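Once you've had a glance at the structure underneath, I'll fire off some questions.
So that you can tell them apart, the chains are marked A, B, C and D in the order they are listed, and the count of residues begins at 1 in each.
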């Protein structure tokens, strides 16, 4: 981040951006019942109220407390409740216990947000921030945007695993394209540069723009559709071990998985849960909610492969992306020259650089303005609950 | 239950009783925030909204649906959500998943209660019930009273394991005696009869009044106090394996337990969570929230023992009881001549008659009118979250 | 045990008995390959070499070390390896780790036995033992006899769960009766006495002979046969929850059990593993290797029940027993007046008196001279690997 | 492998090589007691007899059965027992159950080896093998060499986790250098080629020699010593979360690890288990038996990093290697153009290409002739039981 220059915004502009991001979180939560804010059906899915509190805690802990003289914490116990994984910042409740907490109440969490927002407004209006603090505020806003995407994933999981299958809303949530024709783009062998270059915000894991040598390859112009994936299902994709990683095959056998997350076969017809409730599977849409094992097995079944993240980034100007996080065949590892920030902020990315795979692009759930072709998203290969899809290479 | 004659009540009296019991459930829940209704911090603790729905489901499933012609279910999916363990009555959600359900909402659960209560009123007013149906309604009411006690235990667990330790209420919840002097009552050897005798309601597990031969014994006039239990703690009760069952000692080592549930040592002083929040331990009150292993180890440390359930029942006229469920050294097994009802109702008690210990008496959380000296409560020896205590024998 | 008088044996007689019991252990192990001594396929099944070492350790630890001046331990580390559960006697390896130990080798374990036996001979020949020590030696011998039965159970498990299904021997191992006709014996109501009475050895849990009141009952003259049990299987016994305890039903569903342990359905015919290898199920023999859940479900399916241990003992003079340990419907609890010995020996029985069911009788694997109609065997209700069977009552 | 030309060996030369490799396995096992062949203390550690049978099964299954007309299997059930993970070749016992099998006996396993070796001799002497079959035989021999290294790791684990800490031998096992002075080698930025090039044997994962672009870097001339690692321990390396991956830190906390595997602090002095028994830690030797988390945390503490596998390979001509498998910071992923063989052999490498890290070099336990600077070894980041070490880069 130090290598990363952000031009000082005026307090008005900054506050406008701050309010706009903060407000979007509440817009996402608006259709929820109070009860929906509380539950945590699996460890990976956090209760929406936790996301709301945790993103607020970020600003309180890293901006207001150390920089705004005289600031009084809203409630000193909230650090314990809303810290996620920052070992530098004291004890925290176990991730698996978040769904056991009925308090603080939703009302209190909204009060907490309002209080911190008020204080941020006072603080920002003073204009007493330098480049470094501005970068930290910007990090806090990008952090909140990441949680906005998680809010969609987690809300979908909470409602989509309820036996009543309630809709999140009856209105339109995401704009999604229909894929008709897939072409393959050719890329020549050679030295390319990847990594962030520019003057805006990026995460530390994107920095250290560097050269890579790529062999010639071809990459699909569109993501894999539900129709293609259904073919894989029908043709025994989930029962033929040859296409699976050993670890993936164990996962198939242990979980008994036979289709993407949210798919249900009802009277020989495939349906899936959407944020509008149960619907017929739309064959022309990009397949969604598959994990790395599934993406990789599908590619093998097709006689192709997943691109590396370097291939993806180099070719990304030649195709449309942004509706699904696309699994790459790259593990999440540091770029040459990667270095962690000192202190709690340094815990942000580096410590996750083992046992995860990189996803590139963005998804329908990604907030506007939060995507770049250098963005390195990452999840454990078993995770299905994000808005993930497949782009083939060969 | 067939052996058990219940005189026909007039519809008015029955409805009055029905409404009084049903209303008490809502009185217990009144101080809760909506969020408190939803969570399930451990498998044994059900979300309050589940208790509210499940007790209602009992009347819908066993009274209205089979007996009230033209009755329309409130929501056919509720059977799946609110069935507890009745294998006869279809699939049900896993007990450990109850806390993952944000829907039905609290509002919907109250609506469900109101709907069933309305229908029960219409149905009861017709007076078309015979002895057998009356017994079933009575069972439903006693069942709801059992869940009223569980509501207190579960609410205490939910709030008492929240890092903010919120009070359930600032007002008085339970009336509790202070114990000053403990005496021992002598009982002569001989043949005694135990089991339910009378014309009111009892559970099937109390029936089959039968003779038992008892040796002479002595039993304490009062339950063990916090002061006595603190002595046990201070004098190494939790670190001396000799007083513990092998299984209990494993439990101590695995859980690291050093005091009853809800006790916290703060700056060398023992405090405990109560429904009014964190308080100093009141030394004169009966110890509460200990499991069978702890009760038994305490008795061994005292050089005494726990009474059997027959001893307890025979002597119960000679001491005060009713503030703590008292662990006996009797396993929960059928009385001679025990027989299960046919159908779902027969699942009520018999199928739990293995690996559980009997508790006798009642507790401060037991609803008025729901205690008898023949009542056989039972829990697995490891459970602490009920309002359990110790009475010594020798 | 203090209440229990054992007349002093002459050193020759005692040594003869000692040698006879000790030798029988080695006779049982004779057909084994060295490899068979080592493995522990499940936590409950100990490696045969552990049994051989542990029974020897008993004599070294409780007789020689404290009583034989100048005795030198064979190997001081063996206490850690061969202690089973005596918390008083130092650290011990986890039960689940016994099968991970390749050393001490079998040769060393036999050497250990020879060394301790030699030293015992020298010690016993001096005749310097009083009643108390004699009782302890007798306990050691009975303890070894218990492990002789466990050796058979564990060897059967080890070989019977090997995919090659090797025979333990081609010769005859156990003498077993064929059951043809089952009658029911009537017992009148009244006061009876149960518990050990006599001058020989018994375990502390049999002491405290005491009165019990029994209602009139009937008990079968013979154990349930394989033919009867097969009927239960064929008629859906394992798929009808109504006959099962809730805990038993969970066990059925989780384990997928459909027949007794060691039964295999091959081409629509039932076979079972015996110590002579795989054989056709002999329909006239008593059913074996069923757990309490199965015994209880079978009884319920028959419209009968299991006897209590008092009923069993009172009626035991009126039927043949001794080929199967017979599950009773009594939990393993102390008799009135039960008291533990001080010290390690006191850990023998009392600390297991929770969560176990009593079995009465003896089995084909029980050593000669090690059975009494007051003997209280006990296992957790889920265990199948002992030579267990069913006797019905009504 | 198809791209890989192996010149046809004469039958004599091939048989000589075959016998030499096969014999080495038995040389490694010679010092073992029979009991040592049987146990499996953790899932990753296979019983030595399993290694002996499994490597033999490879030749029986892939060479003799499909190619040697009239060959009769030694025992058809052995496929079930000795198949490791080849899904193509039928059912297999669970990896975690290998240590539960007392049979086949060691004698039978040696007989199995002798039988297959005899048959292989007859078969090879006929000279009826083409390039493809020769490559498969060569694969079988390299496969056996991999298991020879695993035999050392597993034997060390079995004996080093026995409370008696028996020595494998009193003689010298491995030749190990002492490290005195560490220098750093400079490598210039540029395009390099990595991957196997040559005419000998290599694994499929080494093929597809390809270009990579590397930035300038420095790499240590020697591996990290016990002295340096002890510094890390003493200076709080295991208690400072900042140096650890999140997943590594969880591992530290859950396992309570404070030093490399086999290290024991006795009276404030560090000792470790070696194949000669417990010895003082030799400070000048390269640290051994650390996992990826530890290697990475150590590098972070030093202010350096682990090399990538490309860096390691490119620089490998400039330093000595071969005593420790060296953790790289590269995940185990396919090289560009990687393709799996069809059939069971194709399961060899590709299906493990997720969630593992690459190790480069070789170790003291690697058989002679089984190392190359293009060799890609891989293990899950948590594994410590291999002969693993650290080389730093910056």
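Just so it is clear, contacts are C-beta pairs under 8 Å (C-beta built on N, C-alpha and C of every residue); 3 or more make two chains touch, one makes a residue touch a chain.
What you see is a predicted model, and the numbers here were worked out from it, not measured in a lab.
Asker: Using the contact definition given at the top, which chains are in touch with both chain C and chain D?
Answerer: Output, common partners of chain C and chain D: nil, no chain qualifies.
Asker: Hop across touching chains from chain B and tell me the fewest hops that reach chain D.
Answerer: The fewest steps needed to get from chain B to chain D is 2.
Asker: Among the chains here, which has the CA centroid at the largest distance from chain A's centroid?
Answerer: C
Asker: If chain A and chain D share one sequence, what is the angle of the rotation that overlays their CA atoms, in steps of 5 degrees?
Answerer: 180
Asker: Is the contact between chain A and chain B built from the same residue numbers on each copy (over half shared) or from different ones (under half shared)?
Answerer: At the contact between chain A and chain B, which are copies of one sequence, the residues are largely the same (over half shared).
Asker: State, to the nearest whole Å, the distance from the C-alpha centre of chain B to the C-alpha centre of chain C.
Answerer: Measuring from centre to centre gives 37 Å for this pair.
Asker: Based only on mean CA positions, could you tell me how far chain A sits from chain B in angstrom?
Answerer: Using C-alpha averages as centres, the distance is 45 Å.
Asker: Report the inter-chain centroid distance for chain A and chain C in whole angstrom, where each centroid is the mean of the CA atoms.
Answerer: Measuring from centre to centre gives 58 Å for this pair.
Asker: What are all the chain pairs that meet the touch criterion?
Answerer: Applying the touch rule to all chain pairs gives A-B, A-D, B-C, C-D.
Asker: Chain A touches which residues of chain B in the complex?
Answerer: Residue list for chain B touching chain A: 33-41, 77, 80-81, 93, 97, 99-106, 158-159, 161-164, 166.
Asker: Within their complex, state which residues of chain D touch chain A.
Answerer: Residues in contact with chain A: 85, 87-88, 191, 210-213, 215, 217, 241-242, 244-249, 292-293, 296, 305, 329-331, 333-334, 336-337, 346-347, 351-355, 357, 381.
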